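For reference, chains read A, B, C and D in written order, and residue numbers begin at 1 within each chain.
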Amino acid sequence: MVPMENYLVLSGILFSLGVYGVLARRNAVLVLMSVELMLNAVSLNFVAFAAYLDPDKATGIIFAVFVIAVAAAEVGLALAIVIRLFRNRSTANVDEAATMRW
Amino acid sequence: MAEHAWILAAVPGLAFIVMAATGRRLPRQGDWMAVLCATAIFALFFAVLANFLNLGEGAWPILNSIEWTAIGNFELRMGIAVDQITIVMLGVITTVALMVNIFSVGYMKGEPRYWWYFAVLQLFVASMLMLVLADNLLLLYVAWELVGLSSFLLIGHYWEKRSAVEAAKKAFITTRVGDVGLLIGIILFWDATGTFNILEIIHHVEEGTIGDTRLFITMMFILLGAMGKSAQLPFHVWLPDAMEGPTPVSALIHAATMVVAGVYLVARMLPVFELAGDALTVVMVVGLLTALFSGVIACVQTDIKKVLAYSTVSQLGFMFVALGAGYASAGMFHLFTHAFFKALLFLGAGSVIIGTHHHQEMAQLGGLWRKMPITAATFLIGSLALAGLFPLAGFWSKDEILHAVEGVGMWPFFFLAIAAIMTAFYSARLFIRTFLGKPQDPEIASHTKETGLTMTLPLVFLALMSIVAGFFIFHDFGSALGFPGGFGEFVFLHHAHVFHVDWSLVALSTVLFVLGTFGGAWLYLGGRLDRSTVLVEWQPKVYDLVKNKFYFDELYQFFIDRVVLGFSYLVSWFDRFAVNDTGVDGSATMTNYTGFLLKHLQSGRVPNYAMAIAVGVVALTLISLAVGS
Amino acid sequence: MEEAQGYVLLTGLGLPLLAALILLLLPSSQKMAVRYLSAVIGAILLGLSIYVFLAYQASGNVIQMELQWPWIEHVGFLGENGISLHLGVDGISALLTLLTGIVAFAGTLIAWKLEYRTKDFFILFWVLISGVYGTFFALDLFFFFFFYELAVVPLYLLIGIWGSTRKEYGAMKLTLMLVGGSVGIWIGIFAVVHEAGLGTFDLPTLWEAGRNGALSPEFQKIIFPFFAIGCGVLAGLWPLHTWSPDGHMSAPTSVSMVHAGVLMKLGAFGIIRLGIQILPEGAEFWMPALVVLGTIGALYGAIAALTQRDFKLISGYSSVSHMGYVLIGLGTLHAVGVTGATLQMFSHGVMTALVFLLIGALYDQAHTRDLSDYGGIAKVMPLWVIAYVMAGLANVGLPGLSGFTAEFHIFVGAFHTYPVFGGLAILAAAIAAAYMLRMFGVVFFGPLNPRWSDLKDLSPMETISAVLLILSMLAMGLWWSPFTDRLENTILNLPGVTS
Amino acid sequence: MRDFTLFIPEYIAVASAVAILTAELVWPKIRKDYLAYATAAGALGWLIAAIPYIGNTAGNFENLLLTDDFTTYFRILAAGIVMAIALLSAHYLQNRTTTAGEYYGLLLVGGTGMVLMAASRELLTAYISLELLSFSLYILVGYLKRDRLSNEASLKYILLGAFSSAMLLYGISLIYGVTGTTSYEGIAEALAARDGGTDAATVVGIMLIVAGVGFKVSAAPFHMWAPDAYQGAPLPITAFLSTASKAAGFALILRLFTGALVVDAVEWRAAIAVLAAITMTAGNLIAIQQTNLKRLVAYSSIGQVGYMLVAIAAIGYGDAATAQSASSALLLHIAGYTVSTLALFTALTAHYNRTGDDSISGLRGLAETQPFLALVITASLFSFAGLPFFAGFATKLLLFQASTTDGLLWLVGLGAANSFVSLYYYLMIMRQIYLFDPAEGQTRFRPTPLLGALAGLLLLGMLFIGIYPQPVFEATDHAASALFEVSASVLASGR
């Protein structure tokens, strides 16, 4: 059996990549995708923990399902807003949506 | 009656309140009330005196006090103590006050704020009487400050004149410096003995409650107060300037009464001074220096009031010397006689000023005796008394002082003798240049005329006193009036001192008088100035030095302008720039600027915000791990 | 009786608030109504203050006229009487109540001629006065702080709207510094209530805790500076005094009067109430420092005042100097010294109120406060000059006026404990004479500057106020036992005070 | 136990939301302010329905949700907030949008999310409730679709919100990994059962959760979305953000920290204390520099969050009694803060409706053009600054006092100092209002009666809490003790 640590390391890498993406990407859609990556890391974590530590109960699995559902909703909503941004400013670059600062 | 002597102070006090409140609307602006009041206290004084003498030596001092406040064991009683010194002071004050009040009716006629002048005069008399009646140092200090205030108000009576304002200010502040010392001394006494009562303090000191060093320091502070009030070196500068005030005020306050408060205080505390190490020596040195210095200055002054002023300072120095020698009677006696003849001289000067329509420079006067015979005659008596002509008042008191100093040592005696010669010299000079010779300014002379009765009567009375007052020293004269004997048997420190004429001393005094007077006469008689001019040209630098009063004023002015005010500017600058602009506003600016820097972290860009979150998580984790382990 | 007297105190802090509320509802065009109402309220408060002072029994309990209403209790960390509306006066607050009544009434009359936004002015004014009374009456830490802040905050608007020279700067600085000071008090309160662990803000309970060791000496030593500095800012403690010259320069007349006259005393009062009474051991430890700062303040203020050219700056610095005396007096922890400090609070209060009144009366006509612009004013404004001279002489410490009485007691106390600082303090009094007389000489006397020949003397309202204040100065100066008698018991019962 | 009657008030809220959405569908031309009144009515029903729950024994829904006094407290708060915001929006929204049904519906739904956050006893439930509120807010912030600022605000908000909720989830997953459960009780028991020492996974997990909820309540450095979102959002939504969102965040934090994490306080309390310190300092210092009112309020509310976090730190540092009284005082402060904020925004909305200016200098001379609004603004600013008469004085004082424990005095002191700094910029606003004359062309005006009445009511509320907080304090005390009743056993075993 694959040790749990492997899943955790993978999840950690995924999460870090996601964080990096959010920090580095300028396109709103790509930022969202990076967030999705982070959420996937979370799901992986949950499933791994559920499988290894909590086999009788399905809390982790359920959590993962919810995370996926919520993530879908979140993306839907976010994309709508990005579209509004594009309508208003003809750009999806988050750096250009920086009228308000300081 | 004597235990109710406070009434003496209460009457003029009340008069002050009434006159200050209603004075302008009273008929004749209330001058009659002032004279009435002065007469009343003059009469009351005799009642007190009679009662005092009746009660007899065993009852002295007569005490009367009431509880004032108490805070824990800090108890305060206010009251009066009437003893021999008080009686002498009361006599001087009430007499001169009456004369001055009467004189002022004539002198101040038509002057601005006539009513206010009389009102403040009453305030002065009230506080002066309170000063000498006080049985405790606190009340004495209260009165001490109040006489200072009245002096301030009266010197500055002509406040439209810049010089009068400056003089008043100078008098107040200079004496105030001394007063600080006095207050410190008083509080030090309280701290050591737990009381302000003078008799109790003396008692404590005699018991040895206070350590030597501490006692000496305390007495130096007290002496500081006395020196300030009595215009002793180096505080003497205010008194000549105080001549800006109306002349009767100079007579009352700056010759006869207030300025001798310092002498009174030292005399009052003499038992303590005696026990306070070398305190008496200090008193004597101060007195001697003052007597000499101001005697010298008086010799070259040309304003008659200024001459008198320096003469007063010099004579106060004499009194200090006597007290410094430990002779309360000698000091007090000189105070007593001096009050009369100096008041006389000042009032005489006032008469001259009125008679010549406000001229007081000797250079413009001369030959007045023809126009103003009464003034001239009385002034002559005063001058001679001051110079020490046998057997006028000044002679006897100066004799006593010389006698007192004889026992102390050669040098004091020698210097005092010189001061005495100078006294005779400037007295002669003053009289000769003012009244004898030819009028220097015919214009002024043509308008000059003798003054009215209100002014000449006091002069005559005081002239009389200047002749008679000296006889109080004699046992027979004193006992004839109901006193236990002569002045020395009435006022003394430890032992009654029966006066006997020491003819060798009389001879010496007379020599001193003759030397001084003839010196003056030789230089100035006949309206000639050439001989004195030769003197001046012979040593112009010395003359300048003396003429400019040894540059005391300039020195002080320099100190005030450059040091005190400079320091003040420095402090103000420090307050503005260091404390306020840097400290207070600076910290506000810093806060503001920090906000300015911080707000730029808020760049408006999402990745940066996300970065902040990420960094925050890492930082918090590290903190937790660091603290947790 | 006691209960009924408690309601008197309640009225004292409630009536001004009520006045503010009524004024809030009045249309702002009704200026006369506003004035009359305020004058009446002022008069009632004056009467009430006199009553409180006179009814305070010198020989009775320390705290009298007590009233305690439970306010917040048995919730959260609060136990029995956690926060209660606990009112009462001791000798010190009785005296300061009298001061407040006098100054507030005088201030009301002075504001009579105010035309600009009269209503708003009086609303804030009465809120402020209520805060002052409340602070003096409060025997509960919560309400003490409540009213303390209430007394400070309206100043921003009072100065900012109705002020003059650099008013925005002055107002902002003053408010921030004072509230900044109250941060210290705040922290102190947190620490004390927590450390005592009694779940109550009741002052007498906390005083007891300070005495019986519930607050350890180490704790007291740490916390005392918070109270001392916090209150010290309001009391003009050097070097946190700089709001005083600027604030006073900017403030309108009646605000300056109330502020310098009464509010600065809140600070010193706070040092007694919070510092000395809650933290006696801390007080004992820190008092030398307070004396040093007080002495520096006394000298520094006096010296700086010597060369100022603006009336109000002179008074501002002189206030710093005089409040320095108060701190010295408190710092002695000696019965006489503390009595002197309390007397000085009263004395400085009436004196400085009078000074600001007069400066205002002159400035309103002449629109300059530069000394050198004047000269010979005595010719045209005799009453004004007499009043000013009285105030100035009280300032200088001339016997017969209140300043002497107070300063004398302070000096006695100071010499007992710290002779050197006592000496320096007396020196400051001598300097006071110099700057006062300098101003007299330049402004009042000398030849009349023709530019001022049509200045008018004091108006009737101003005269009434001035007379009231002068009478107060004379009363304390001439016969001070009614004052000291009432203070004696209270001060001897202060912890750590020796006699 | 599945007792569906436990959430009747929320059913009312959601039903009202649905009804309002339907109503606009059916009558597209319906006057939008009627929708606002309907929302307010629904919220009122919600509030009334919540009253019977006061003081009832706690109802437990499958160990997921709990309706005790704590929940009820937030129910009433949420209903009140929604009601006020709805009334605020009535006039504001009329000229700015064509459809308002979603707006009002989402207000109610968001409020429901807030209640569920307070009721959650389990991490998944808590997360879902949080997202319920968040999603509503994402939409509401960007509700003015054509307004560039509003759009920008919602973009930033949702991107960062998603990012932070990913953080939160990752943290939850770690905690789940460590403890094997997501229920608070389970977590507490598992943490207590560990044999001492810290382990990195727990710490990282907790800190990620802190970041997630810290984002919600806008604690620095997770606060950066707040000023932008506040500025861009429609004015009433700014009010909603700064009240409901924060209150909900603290409800969640309180439940979680007292119910689950308190046994492991050493691992997070220092971080929370630092977080509090940074938050209040940054918020107040940056606020000084602001020129836009909404941004200023954002920073000022960040400062307020810093003060509130002090109480959370105190839960970690103090003993059980301190923890409970700190929670109680925190709830009280939240009440005071909410009322003050609503009052401020009511007045600002009335002002904004008239002038359309949301800069600070736009308030010039308000004392002359509208003295009443000036008074309300002054009162609420003073309340924020903690000055007497107004709610903030009593609540902040009690909050700090309750939070004073050994080792935390420095933080309380910093809080006091910060509230002094805050006075500076509040005074700068006062300066505009009172010291300056109105701008050219500004004349006297009257706020609409509705807003006037609302402002007056909230002013009275502020005064009431500020002067006589006893009743509210008692209520929060009940709420806090409910919180601790549940976790009493945990506390007993854990410490």
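Methods note: contacts are C-beta pairs under 8 Å (C-beta built on N, C-alpha and C of every residue); 3 or more make two chains touch, one makes a residue touch a chain.
Computed from a predicted structure; not experimentally measured.
Trainee: What chain is most central when centres are computed from CA atoms?
Mentor: C
Trainee: Is the C-beta contact count larger for B-D or for B-C?
Mentor: More C-beta contacts join the chains of B-C.
Trainee: Where the centres are mean C-alpha positions, what is the separation of chain B from chain D, in Å?
Mentor: 78
Trainee: Using CA atom averages as chain centres, what separation in Å is found between chain B and chain C?
Mentor: Chain centroid spacing, chain B to chain C, equals 38 Å.
Trainee: Cα centroid separation between chain A and chain C, in whole Å?
Mentor: 63
Trainee: Report the inter-chain centroid distance for chain C and chain D in whole angstrom, where each centroid is the mean of the CA atoms.
Mentor: Computed from C-alpha means, the inter-chain centre distance equals 41 Å.
Trainee: If a residue has to touch 2 or more other chains to count, which residues of chain A qualify?
Mentor: Touching at least two other chains: 22, 31, 94, 97-102.
Trainee: Residues of chain C that touch two or more other chains: which are they?
Mentor: Each of 176 in chain C touches at least two other chains.
Trainee: By the touch rule stated above, which residues of chain B touch at least two different other chains?
Mentor: Answer for chain B, listing residues that touch two or more other chains: 588, 599, 602, 604, 606, 610.
Trainee: Linking chains that touch, what shape results: line, ring, star, complete or other?
Mentor: It is other, because the touches fit no line, ring, star or complete pattern.
Trainee: Taking all chains into account, which pairs touch?
Mentor: The set of touching chain pairs is A-B, A-D, B-C, B-D, C-D.
Trainee: Name, in rising order, each residue of chain D that touches chain A in their complex.
Mentor: 123-124, 127-128, 131, 135, 138-139, 142, 145-146, 148-149, 151-156, 158-159, 162-163, 165-167, 169-170, 172-174, 176-177, 180-182, 227-228, 231-232, 289, 295
Trainee: Can you check the complex and tell me which residues of chain C touch chain B?
Mentor: Interface residues on chain C, with respect to chain B: 173, 176-177, 239, 242-243, 245-246, 300, 303-308, 335-336, 339, 376, 378-379, 393, 396, 398-400, 404, 408-409, 411-412, 415-416, 419, 422-423, 426-427, 429-430, 433-434, 437-438, 440-441, 444-448, 480-481, 484-485, 487-488, 491-492, 499.
Trainee: So in the complex, which bits of chain A are touching chain B?
Mentor: For chain A paired with chain B, touching residues are 19, 22-26, 31, 94-95, 97-102.
Trainee: Can you tell me which positions in chain A touch chain D when the two form their complex?
Mentor: Listed in rising order, the residues of chain A that touch chain D are 8, 15, 18, 22, 28, 31-32, 35, 38-39, 41-42, 45-46, 48-49, 53-54, 59-60, 62-63, 66-67, 70, 73-74, 77-78, 81-82, 84-85, 88-89, 94, 97-102.
Trainee: So in the complex, the part of chain B that touches chain C is made up of which residues?
Mentor: By the definition above, chain B touches chain C via 68-74, 138, 141-143, 145-146, 149, 156, 159-162, 165-166, 168-169, 172-173, 176-177, 179-180, 183-184, 187-188, 190-191, 564-565, 567-569, 571-572, 575, 579-580, 583-585, 588.
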